[in-house]
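The first chain written gets the first letter, and so on, giving A, B, C and D; residue counts start at 1 in each chain.
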Amino acid sequence: MSEQLRVGMVGYAFMGAAHSQAWRTVNHAFDLPLSARMTAVAGRSSGAVAAAAAKLGWAEHTTDWRSLIDRDDIDLIDICTPGDTHREIALAALAAGKHVLCEKPLANTVAEAQEMAAAAANARGVFAMCGFNYRRVPAVALMRELVTAGRIGKLHHVRATYLQDWIVDPEFPLVWRLQKDVAGSGALGDIGAHIVDLTQFVTGQSIAAVSALTETFVKSRPLPSASAGLSASGSSSYGEVTVDDAALFLARLDGGAVATYEATRFATGRKNALRVELNGSLGSLVFDFERMNELSFYDGALPPEEQGFSTILVTEPNHPYMSAWWPAGHGIGYEHTFTHEVRDLIEAIATGTQPTPSFADALQVQLVLDAVSRSAESSQWCEVKPALEPV
Amino acid sequence: MSEQLRVGMVGYAFMGAAHSQAWRTVNHAFDLPLSARMTAVAGRSSGAVAAAAAKLGWAEHTTDWRSLIDRDDIDLIDICTPGDTHREIALAALAAGKHVLCEKPLANTVAEAQEMAAAAANARGVFAMCGFNYRRVPAVALMRELVTAGRIGKLHHVRATYLQDWIVDPEFPLVWRLQKDVAGSGALGDIGAHIVDLTQFVTGQSIAAVSALTETFVKSRPLPSASAGLSASGSSSYGEVTVDDAALFLARLDGGAVATYEATRFATGRKNALRVELNGSLGSLVFDFERMNELSFYDGALPPEEQGFSTILVTEPNHPYMSAWWPAGHGIGYEHTFTHEVRDLIEAIATGTQPTPSFADALQVQLVLDAVSRSAESSQWCEVKPALEPV
Amino acid sequence: MSEQLRVGMVGYAFMGAAHSQAWRTVNHAFDLPLSARMTAVAGRSSGAVAAAAAKLGWAEHTTDWRSLIDRDDIDLIDICTPGDTHREIALAALAAGKHVLCEKPLANTVAEAQEMAAAAANARGVFAMCGFNYRRVPAVALMRELVTAGRIGKLHHVRATYLQDWIVDPEFPLVWRLQKDVAGSGALGDIGAHIVDLTQFVTGQSIAAVSALTETFVKSRPLPSASAGLSASGSSSYGEVTVDDAALFLARLDGGAVATYEATRFATGRKNALRVELNGSLGSLVFDFERMNELSFYDGALPPEEQGFSTILVTEPNHPYMSAWWPAGHGIGYEHTFTHEVRDLIEAIATGTQPTPSFADALQVQLVLDAVSRSAESSQWCEVKPALEPV
Amino acid sequence: MSEQLRVGMVGYAFMGAAHSQAWRTVNHAFDLPLSARMTAVAGRSSGAVAAAAAKLGWAEHTTDWRSLIDRDDIDLIDICTPGDTHREIALAALAAGKHVLCEKPLANTVAEAQEMAAAAANARGVFAMCGFNYRRVPAVALMRELVTAGRIGKLHHVRATYLQDWIVDPEFPLVWRLQKDVAGSGALGDIGAHIVDLTQFVTGQSIAAVSALTETFVKSRPLPSASAGLSASGSSSYGEVTVDDAALFLARLDGGAVATYEATRFATGRKNALRVELNGSLGSLVFDFERMNELSFYDGALPPEEQGFSTILVTEPNHPYMSAWWPAGHGIGYEHTFTHEVRDLIEAIATGTQPTPSFADALQVQLVLDAVSRSAESSQWCEVKPALEPV
């Protein structure tokens, strides 16, 4: 068989489960020069990580993530933990000569992201990639191809939303994603980061300046223990929500397009509505993750009486990534975006090519998020700062 | 101003109201060689017809439809009554040298339709037209244009339904449309006739043979007076439903296509779902009246990775009939199909051209309905009989 | 018959045609205490206004709009001219004791709108109404009813766009709507005004502050004569576009909701995409004018496993305005919004009630547009100024 | 870890790949009493089966399927071969005391299916299941739950299509699926079988009688070698298509509903459009596999003005099978239906319960297909014959 890429994963919750499914599947779906091996998983709780290893298919487990980095038989560290730990793990892994796949957002602050991007740029012989998995939806990849081929002409408008509703209930507990010290931000960094990355990816333009507002509709919530019914007193059982429930911003892109962005966890009924519409001088494109196997294309070059938004079922063998899967019309799911991500990562490592998005790309997203935060705080338009040059 | 086309209408209920709106509007929307004048309306009840004339805009009213035919100042008789009266009125009008617009289905029996088609064929200087208004939906007209231009290639499949739900409730009363002696048939003639006509119109093929079933789910219903609460005894207040609630049939078309048809008044939630899908060797077309301003087109000649069902918003000035109306994206409604119908009728009369669908066309639809009825009764495939040649 | 409401209309282009269809139709569709009479139409060009009168059904015509105001046999002045003329005509009409229906936006400046609102407030025995016709889409009226009934709970998000594409082509000529001195503004006042009014109407909340950007993608265009091919030289045939092609803004509403708004004429493929989504604590509502007979409702009170966005076909007799029209599933069109508008206006006049939206309501919209303009110019958040109290 | 279920699979093409993904994944997604082990795969070609084993994750491979049955370390035989081989393999496996999972259609003839069902009924200690995977789409399972709970009331209509387009091109080669001796039938058995099973499953009613037509639009096709360009002469390179391209039928169900069914490979643009609509006295349900994460429900018990077809995103933890997967709104794909299938199979085996659909259930589908074939041949309505009692 082919040479191995031996993976150590840190974290085993939602993202860990999704990444595990990808590592388990990728060599069964794609013909690749390296074969992924799920060597070990690290987590804080001994019992939980053992159970996760068994369930998710990791050969070994540990409560010490540093031990993964110390091992000679691990080639890549896959970081699936909350944002406040990304920097430390990634720097250690790169320093130890491991490839790194790090979940998004890259870090909780620009300073951390800057440091990580510098470390990745200076690493020799290993690569770092950030996990903006939605780039690997076949319909999104097709969207980028059509833009790049000039099919929508000069871009005028971007309209991007990422709408969820899982915390509309004010009694939903104060989980870590609602705590700034762990999560960095709320909807902004969790899902807003995705639409920032995705729109920049498909348009080839970068966000230059933003005017933003953020809102926290429910300002205190039951502490997780309280919501589990274990709290004795009422007054002590609530804690302050320290992140945004919603972040909205206008943007100007460096290629001349104007844009609206909205990320929220309060859009009742919208479960995972990552939607992007692009309007150009020659056509338009629309993607909605809730119908992830479809791409809508308006081709202004067709005869006028035949123009209309089409629904391309992106399941043909000639569509990006799809030759690995099922016959036309037999759609794929959310998890496949991760399988495609590690497929591209394996190809890049095997060919000595920088995988994308790089940490530098992810840093640029972080700089946009930073501009959004500054704008929301100051009620001013804020320019996206340039990244520092890595030393 | 232009010369007049003086109209006398018989019947003033649903169809009468729709036709009135068309006659009132047509010259304000289209530039036409003749100006419609709403001379008089006839109905059975003196008070009701007077009220209808006032409401709908007819200059005069009468309880004697024959008096309309006797008048010299009426050029066209517009028949909006139930099917059991069509033959008598149409024959009298044609004999008196009046143009005729007759609502569908043309008649309750083939024999009547045959007689009417013969009378129309033999009429000199006047024309008869049957009111299959859905032909005049702009999206349907565009559908026909695309088929005729060869854009979907050789036709393989027709899939046609006309779904309504207004009598699902078993307590809905036994109105005239549920009585065979007045209505001729149930869903079959009322709405099935529309999809027979429409599919033959858009495909250019005729139905050659059918295998059918009909069903009456609710076999007795409250008499109208009973449902209004006026009945004294329970047992006498119900009457037998003598028509079909639903009619389903398979068909072979004379050009080689195969088809399914379904007309029902028992499709809960489907209000007026006249839907037609055509699949050809090069493409497909889909129309749904509940979204009447749209046509869906799958163009198999596009690059493979860009193929998809489009939603053409049929509201551009270059779409059929639409230059008369509003800017693109500002849709029209049900009543406009009648306005287009009388527009085409006026044009035909003014230019001495046979309007379509002619009574002969409508007779052919009647022959299909007859084959469906015979097939449902015999549980055999039945061929559509040829029309007799008019003497 | 009933007493008359005698109408004089100024202007006969797009809006004039739509209003004419409404005046012609309203008494045939609704039972009303007053009967509309289309007494006379005024326009600048003698030949054109004569032709328009004939085509649209006005009994008389004139090139002097003031003559309409001087006539005793006219009760209401219907203003369908560009925005720079609204103030003068409306003030004259009110001063002469005429009711006024004025197209939106109410005026080109806040000062004008303020003056008009004051005049309307001080008028005795006559009423003024502004023509935000989209309020009268049945689905929009239903949306408001559901919000008012508390069905979506506390409002968190408004997402409003009005997307068109008719000037994407840079060779589209410099028509009056692209000239600030005539039109006041571009997409902002023409279509942005509609979504400002509509969202305030359905939510019952007012926009309190905005952060905006506007963009003119194509800065010079062929002069109308040039585009008609009559220009001799190249350099003189282009003129400057002095209005916005697109206006985007964030907003905070006075009830605590946050919002994005976007009005553009550069959204290729979007013909008349007036779309509004509301997310509340208990549910969501979505309307899209391109499917104007539908309303989408997500009811968070349903059993969790049955929740989903529904497509309510707003064509039932129990839906707003619809009992006047056709059976369920037989949709209506753009023009019906105007028929409903004049229906409500006639009812209000007959009952001595202020019709809505009043000039005061329309002034408030103007104040929002003003805040948007100031914000776009200053790149600052701007509060919506309060209206001056009428003296 | 848990006890093992050791699997031997026969066949490794499309179905083999899908089953392999299911076996590989099932214990990572679900907590189950047995752990699947992919012991060996059998295929005809030595090289190809070796490659398939490596790619798909089978520990061993063989060219002799009987050797799988002879092994003591295999508990279950998974049959993924064409229909002409099902009987022999299944009978041998059952006789050897192996559980059997057999792809659909169960067999190419009723006689074979009858024999298989009898063998399964008589097997002791082992179970046989037929792989109608679409039953395991969460939206389909939810559909069944809603029907069973009475939410659509008494069933009136079934409208089922399975539309594909992969052989519209007349130059598509004569693959085994187009040869009657291997495949048994064409669209009828391949995809028509799915909608027969699925509609019977969700409605709880059985098809009692049918009237059918079948059509072969393209009667001869290039032999596979010819289409690969290896043929020397023109005349010898075409072969006869011996199966149906399309099968259409009307049906009466034993609970009183009426139905239309259509299976075709000639519906241009329809890639895998398995669509089922049910209309009952209280509501309706619609499923379309091309949007497999959605179910549409019309609930006639809602307030009349709020009724509409909803789009339930069937991705909530409380939806069937979905607690094993991702958060709400993160959809799954085609392959998950097989993972759910083997999950249910493992549960049934572990608990000693007959898995569904049993061979008896699959025989009943075969009897329906047989009635369809007889009807198409005779142009008569045909009743579905009862199964013979197993001896």
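Just so we're on the same page, contacts are C-beta pairs under 8 Å (C-beta built on N, C-alpha and C of every residue); 3 or more make two chains touch, one makes a residue touch a chain.
Remember, it's a predicted structure, so these values are computed and weren't measured experimentally.
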According to the touch definition, list the chains common to the neighbour sets of subunit B and subunit D. A, C
Name whichever of B-C and C-D has more C-beta pairs touching across its two chains. B-C
Among all other chains, pick the one whose mean CA position is farthest from the mean CA position of subunit C. D
Expressed in whole Å, how far the mean CA point of subunit C lies from that of subunit D is 55
Would you kindly tell me how far, in whole Å, the mean C-alpha position of subunit C lies from that of subunit A? 41
Whole-Å distance, subunit B centre to subunit C centre, using C-alpha means? 36
Subunit A residues counted as touching two or more neighbouring chains: 270, 307-309, 313
Residues on subunit C engaged by subunit B in the complex (per definition of touch): 1, 14, 18, 20-21, 24-25, 28, 31, 54-57, 164, 166, 270-273, 289-293, 313, 315, 325-336
Interfacial residue positions of subunit A with respect to subunit C in the complex: 152, 156-157, 159, 161, 163, 165, 168, 211-213, 215, 217, 246, 248-250, 252, 256, 258-260, 262, 264, 266-270, 279-284, 298, 300, 307-309, 379-381
Residues of subunit D defined as touching subunit C within the complex: 142, 146, 294-297, 299, 304-313, 316, 318-319
